[in-house]
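Step one of this worksheet: look at the structure below.
Chain nomenclature is as follows: A, B and C, assigned in order of appearance, with residue numbering initiated at 1 for each chain independently.
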Amino acid sequence: MNPSVSALRERFGRVVGRAFVSCGDTVVYVDRAAAVPVLRWLKETPGQQYNYLVDVTAVEYRDAERPLEVVYELFSLERRVPLRVKIELSKDATLEVDSIVPLWRGADWLEREAFDMFGIAFRGHPDPRRILMWETYAEGHPLRKDFPLRGRFSRSEQVRQALNLHPEAHYSMEELSIAEAHRDLPADMRERLERGERGVVPEPPGGAGNP
Amino acid sequence: MGLSGPAAVESMSPNWLTTRLTSLADWAVNWGRANSLWPMPFGTACCAIEFMATAASRFDLARFGMERMAFSPRQADVLICAGRLPFKLAPVIRLIYDQMPQPKWVISMGACASTGGIFDTYAMVQGIDTVVPVDVYVPGCPPRPEGLLYGILMLQKKIKGETLADRSLRDEQPLGVTGLRLPAETLDELSEPFGNSVHQTRSA
Amino acid sequence: MEFDLATTGVDAYGRPARMPLGVALEEPPDDDVELGGHHMLLNLGPQHPATHGVLRLVVELDGEVVIRVIPHVGYLHSGFEKLGEYRHYNQIIPLTDRTDYLSPMANNVGLALAVEKLMEIEVTERCRVLRVIACEMSRIISHLVWMGTTAIDIGAFTPFLWTFYERERIYNFQEAWTGARLTTSLTRVGGMMADVPDGFTTGLRDWCRTFPKTLDEVDRVLSRNGIWCSRTQGVGVLTGEEAINFSLSGPMLRASGVAYDVRKDRPYLGYETYDFDVPIGEHGDVYDRYLVRFEEVRQSSRILAQALDRLPDGPINVSDPRVILPPKSAAMSDMEAMIFHFKQVMEGVAAPVGEAYFPIENGKGELGYYFVSDGTAKPVRWRIRPPSFINLAALPKMAEGALLSDLIAINASVDIVMGEVDR
């Protein structure tokens, strides 16, 4: 067991939950509200110095009762010691956790991917958009266990939606605000974007063909 | 000429000369098109690396007149989709295909481009023929450069069998009103699952 | 040899500039005139020759100067991690070939190591040395592609053909060993798919002897070339602190001066017993990344030579019949072997409940596989820690204030492979 766990318990008390060793890796659970203070303490305290964020990801178990977990894999470059910090997110409440982008800029895209794949919202993230799927992706969050491997829609519907991705769906508001790009857009497109509708998929003739 | 001449259907009808000239024109045009295909390498994944290896010095696409990679679709003849095509990339390949001027052909290189390959998932187009019309399918994961060259030779043979009189060969085949190239049922049938396990808790 | 530099050593943007040897520059022009104008939104990709795959860069330009670049990824997202949850551990190995397809054997090795950590299996000594050979071969071919394609991006076409020829020679070895040039699926949980064929070690030793000649040719053409130096020195600078904060790894991190190599700091496969150096850069620019990768190839050849010398005889697979398929002849004749074969193929090998993260040093950086198991033969979660994805996130920081052509050079220096970025 990594001695950082007992140091954490000493410093933070009850917000530090259970800890165990699996295949040589130490894993420690922390309450959701204490995520950022704990990680900051682990990063900045001399003697801990977990200054390298290896990975941010999430895990959903096959047992539907078990909560979702957000996993932070840390590594101390000086001491060459790894640590895994996990936060449990109950599926009954909203899936959200504070963003650690202020601590490590490497967490930026990693948290966006966790949002995209699991639907976990990261509060305070500077750019909370989907990253791997397109922004108007309507089928859900792919790595959830209730999401089927082949997706929710039929293949023809998936192709139709993909082919109808409008160009403006591919530009974020931030990009389009770049000087004259925004000014030169057609008026109706600008209005739609300002209303927040990015990429309106046209209905097929005869109503939505979604099985 | 030393090259295989046009196979003209000799007949003593009054249109004999027209037929003869048309065949000659066909032969010349097809010969020119087939031997100077400028590829548009739409390389996405591993097949793109094998495509690059085909273009490099060991397998050498230049002997087929194809070393000039046309990265602008406006100057390309054949779209070689080398690699898997996710749904996010589908409108891109359709746009690239639409931007290519006629005459144009499409080679689907690799298993993923032809049928979706091992990726029967939420994110993968199950074969680019659901999005663009394909002339030659090259199987393999990835196909060896020799395999790709064989596919290119097949395309050349296909081109040499074309005729200028058949305008339908140069049909643009745009997307229909439904936004799809094929009827939805055909598309679903083409994308049918092939036996990959969809159970996390069963062994098969 | 003394010579006077014609400049102050600082370029027009105030960044330190190193001069290529023997070349004196004129005074930088005094550009005080504020040329007003609108910023331009330029879309690069996703289909573009210089983006190294299907990467889309939305660039805000003020003339030629990049104000902001916003990368869009996901154009090659294939659902690997989702697919992994539906497959037995050995069935995941072919998937790993296709993430980082420039160095497939290293991915295979990394996955096998992660699963073996989860299942607490110790592989044989011969297997370990063979895996080191596979990893180093992969590192070399990954860097060779990088050199070739980066040279093309910056304008030099010839090194591409040279490096790809060397890659073809390695492909011959990969094909002789596994049957496939690119999608090797080399390892299995507890061992390898096959032992090396006859003549492999002599052939590879021969290759190690002749390959430095090609490297020297590339070196002669690029490293002290005035054009190459002025296009890569001082471009895309990232300090060590920033690099750590961005969680960079591999040559990107080491070129910025941070001495972190998974082979040295979290050693696996006995890397602590091999004699090799890890090049560390100083300036964190594109030129240093080039030098670091170049030197890494030389060091990899060194490790390859040592591994070939110490390759022991013996079995390549562990002798545990529950994990390794029995030989076909035994499976056809012996009842027990047939049952083991049946159980492994039909049900897969169950991993104990637990989780494991295993990092290896790939050509691109720290490639990690994280498995969570619930006691069944299919993982609950398979996570690939993608070095290219994380390295690419630093692109906007590096490209601020660069010229558009510098952006292409910086993008090339990140050494991304989109299969790994998007998975």
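What to note about this one:
The rule is simple: contacts are C-beta pairs under 8 Å (C-beta built on N, C-alpha and C of every residue); 3 or more make two chains touch, one makes a residue touch a chain.
What you see is a predicted model, and the numbers here were worked out from it, not measured in a lab.
With centres defined by CA atoms alone, the chain at the far end from subunit B is A. Looking at which of A-B and A-C shares more C-beta pairs in contact, the answer is the pair A-C. In this assembly, the C-alpha centroid of subunit B lies 31 Å from the C-alpha centroid of subunit C.
Averaged C-alpha coordinates put the centre of subunit A at 39 Å from the centre of subunit B. Rounded to whole angstrom units, the spacing between the C-alpha centres of subunit A and subunit C is 25. Annotation for subunit B: residues 88, 121-123, 196, 198, 200-201 touch two or more other chains. Multi-chain contact residues of subunit A (touching two or more other chains) are listed as 62, 132-134, 142, 147, 149. Residue positions 74, 77, 79, 82-83, 86, 422 of subunit C are each in touch with at least two other chains.
Every residue of subunit A that touches subunit B in the complex is listed here, in rising order: 62, 132-134, 139, 142, 145, 147-152, 154-165, 202, 204-205, 209.
Residues of subunit B that touch subunit A in their complex: 87-88, 90-91, 94, 120-123, 125-126, 130-131, 175, 177-180, 184-185, 187-188, 191, 193, 196, 198, 200-201.
On subunit C, the positions that touch subunit B within their shared complex are 46-49, 53-54, 74-79, 82-83, 85-88, 94-95, 97-98, 101-102, 145, 160-161, 164-165, 167-168, 171, 181-183, 346-348, 376-378, 418-419, 422. On the subunit C side of its complex with subunit A, the touching residues are 38-41, 56, 58, 60, 68, 70, 72-74, 77, 79, 81-83, 86, 117-118, 120, 242, 244-248, 258, 260, 265-266, 354-357, 359, 366, 368, 370, 372, 374, 380-381, 383, 385, 389-390, 392-394, 397, 422-423.
Across the complex, subunit C is touched by residues 42-46, 48-50, 52-53, 56-58, 69, 71, 83-84, 86, 88-89, 92-93, 96, 118-119, 121-124, 141-142, 144, 196-201, 203-204 of subunit B.
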